[in-house]
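Labels run A, B and C following the written order; every chain starts at residue 1.
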């Protein structure tokens, strides 16, 4: 009889151990890490971020324990300079944040996880005392009352390759307003060209010279570092839909029909691919304010994400400057694979 | 000396002979190395698309010595491509393809697999690269044929002393 | 190679006679089994980081197919935790055997006293295999289902009815146990002749009668008979591998069908899990989609239709070459033994191919069984992508060739003439070649 009771005791002990292991493990961990918040990433179709809203006091340490339950995701907070964190399925990675300025922060996924990847966003509400956040300037397109959804085909386009270096030789001929920031932002290359064409002092220059000048002006409003940074931003965020060469043939857009360039507000079942930027009329008719506006606000039903909460104004300006290269480079006889 | 003679006599009894011939055949067929190809025979560029859970193309046939550039294009999530037997491991995300080059020196059949966790069927996301003839299958077929012939032609020798009568 | 009597060694005999070694092993497997279910239900949804997936489909499955069955026959059944609570409830005690206190239980219905239910169970698991093998929750539900079913059946029916007539694992384990060395035998049949109570039969949970035991197919190696025999007349012996071929102690049609199902599912599983055709994998995985419908229909058609038809044709031709004919039904069963070594070797080759590239997951998952980010053994680290080694390929080739060799030898022993064995040869050669093409090429 004693043997029977011993046997039963062994069985019960083993079962209790086995049941206790997960319970004790989880409880112990919670006790040791009371302030750690577990953040689970799932495909947007399966729920996205969980939790999707966090509220924290300003200056308070926020430790996030990130994990993914299906594919590779990434974590980053919009408009902050912190590096992104890759989240591998089944793996855990911790990051600690201190947000001292109150306000609303948007965190987002940084690894393409399907066509709804850009919707995978969440909000961190930082409440309490702290420096008042500097308000962001109103996007220029609002101030200029530009209709972002109106077609913007260029009225004129160059008929040969533009060469900004040649344009730089003629820079002394340019009227002073040409190099002002406001002029750059509110004019498309085509509209600036038409203004210069109408200048009496430039009547002796031919059309091609004017295009070289416009291209040179465009170059002055950006820098080599900006272009490199924008190239990376574009590859990570835009290329999947817009294509590595800007043709609107990204892998995510394969199932959609080619674009109708005049319809910027399609119905849900009329979604098309993005426009082909290697077609010069597309971009050369758009002003930087318009492009910045589109990136900020997103498309109305086109599927273009709204990047306003994610990119800083500087990042958007860099991207805009980078985008024009798709058009400029399309005119050259040997179009490079990457502008 | 007597021990060895006795052992040899036992080994060449029919019931052990079959096993011996089989093992010998296996050693020769499976163990013979095939020379690596040292001369370069050409260049190829192959674009491999990866989606959950397949590669396109799924099978790639190469000639030994070919210099191959593979471009991995992911179409839905981040994927990887790791080729068995070669130091090739690429990772690509939608919008950011990756490229690598290798020389197909060793003939044979190799699987390439996804090396970035991309979902539940990720461990089974496979493709196949065949360099030259289908060597493993040829070896297997040869050995299989010999095995069948051995079984077919060895003398039927029933050992009367063993209780169950076989082997 | 003659039969070796293992229990001649008194150390081995006392190990088997005492209930404790087996009990300790079974208690441990029960604890592991419960932990597996918990891990599957509660742990990470990522299969590669969950104890349930790695330890069931890689560790335990490999151990079963590569060691337990080929070397030990039904040795897993002797330490299996699934029927444990049922047995304990039946015997009203853990260290008790079947006896006076055991509730009688109903006899298992005659219609199902065969391997048909295990066949259906195995086909069902194969149907949903792509989901079960990759989802920890699905694995947990399957195990829990078997566990509950075994317990409930133990309360209604006598003995280990679940194990013998329902369990899909038991089905093929018993089938291939005919090839494995262990067999329980009586030492002196004359003693049994004069022993009227037949205690060995009373205590046997499998309903076997040791004095008449000719095959290991339905003996779970539980050793209750060895413990109960008042004359200590029962021994555990090791006979040469494949000793039951070709007679294989009378295979029934249900056994033949199971053997054919095993052959088909080995090939289909190789296509789905180890093949390079992504369309089949997605079809097998997306349960409920039209693609899955096509997969499910094809799976059933091949398993229940094409393969049995092929075998039937082969048997029909072989039978015609034979001078004296049996009834057709008998000939289907008569030639069946060729399917056993062919099937076992194919499954071993598949298991080897399947598990060898994933073995590097074992230690990390022990370090973090639930996938919660623990690091119990300091071994939780990112697992490198596995590769097929040429050693593994060679081993698979040897297994498949060896299986074909053994099957052909069996075919020859069953045939009166070489002509008669030719169709059987064609069957064996074509199946073995298809498995080679799928696994190696």
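Methods note: contacts are C-beta pairs under 8 Å (C-beta built on N, C-alpha and C of every residue); 3 or more make two chains touch, one makes a residue touch a chain.
Everything numeric in this text was worked out from a predicted model, so none of it was measured.
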Most remote chain, CA-based centroid, reference being subunit B: A
Dominant chain pairing [most C-beta pairs in contact]: B-C
Rounded Å distance, subunit B centre to subunit C centre (Cα mean): 27
Gap in Å, rounded to a whole number, between the CA centres of subunit C and subunit A: 55
Centroid spacing, where centroids are CA-atom means, of subunit A and subunit B in whole angstrom: 45
Touching two or more other chains - residues of subunit A: 70, 88-90
Interface hub residues of subunit C, defined as touching at least two other chains: 46, 48
Shared-contact residues (touching 2 or more other chains) in subunit B: 117, 120
Contact set on subunit A toward subunit C in their complex: 3-4, 7-8, 10-11, 14-15, 17-19, 21-22, 25-26, 29, 65, 67-70, 88-92
Parts of subunit B lying in touch with subunit C, wherever the complex brings them together: 18, 22, 26, 30, 51-56, 58-59, 80, 82, 84-85, 89, 109-111, 113, 115, 117, 120-128, 134, 136-137, 139-141, 143-144, 146-148, 150-152, 154, 156, 161-164, 166-167
Contact set on subunit A toward subunit B in their complex: 70-72, 88-90, 111-115, 235-241, 244, 250-252, 254
Subunit B to subunit A touching residues, read off their complex: 49, 73-78, 93-97, 116-120
Interfacial residue positions of subunit C with respect to subunit B in the complex: 1-3, 46-48, 130, 134-135, 239-246, 272-279, 281-282, 285, 357-358, 385-388, 393-394, 397-398, 400-402, 404-409, 412-413, 418, 421, 425, 428-429, 432-433, 436-437, 440-441
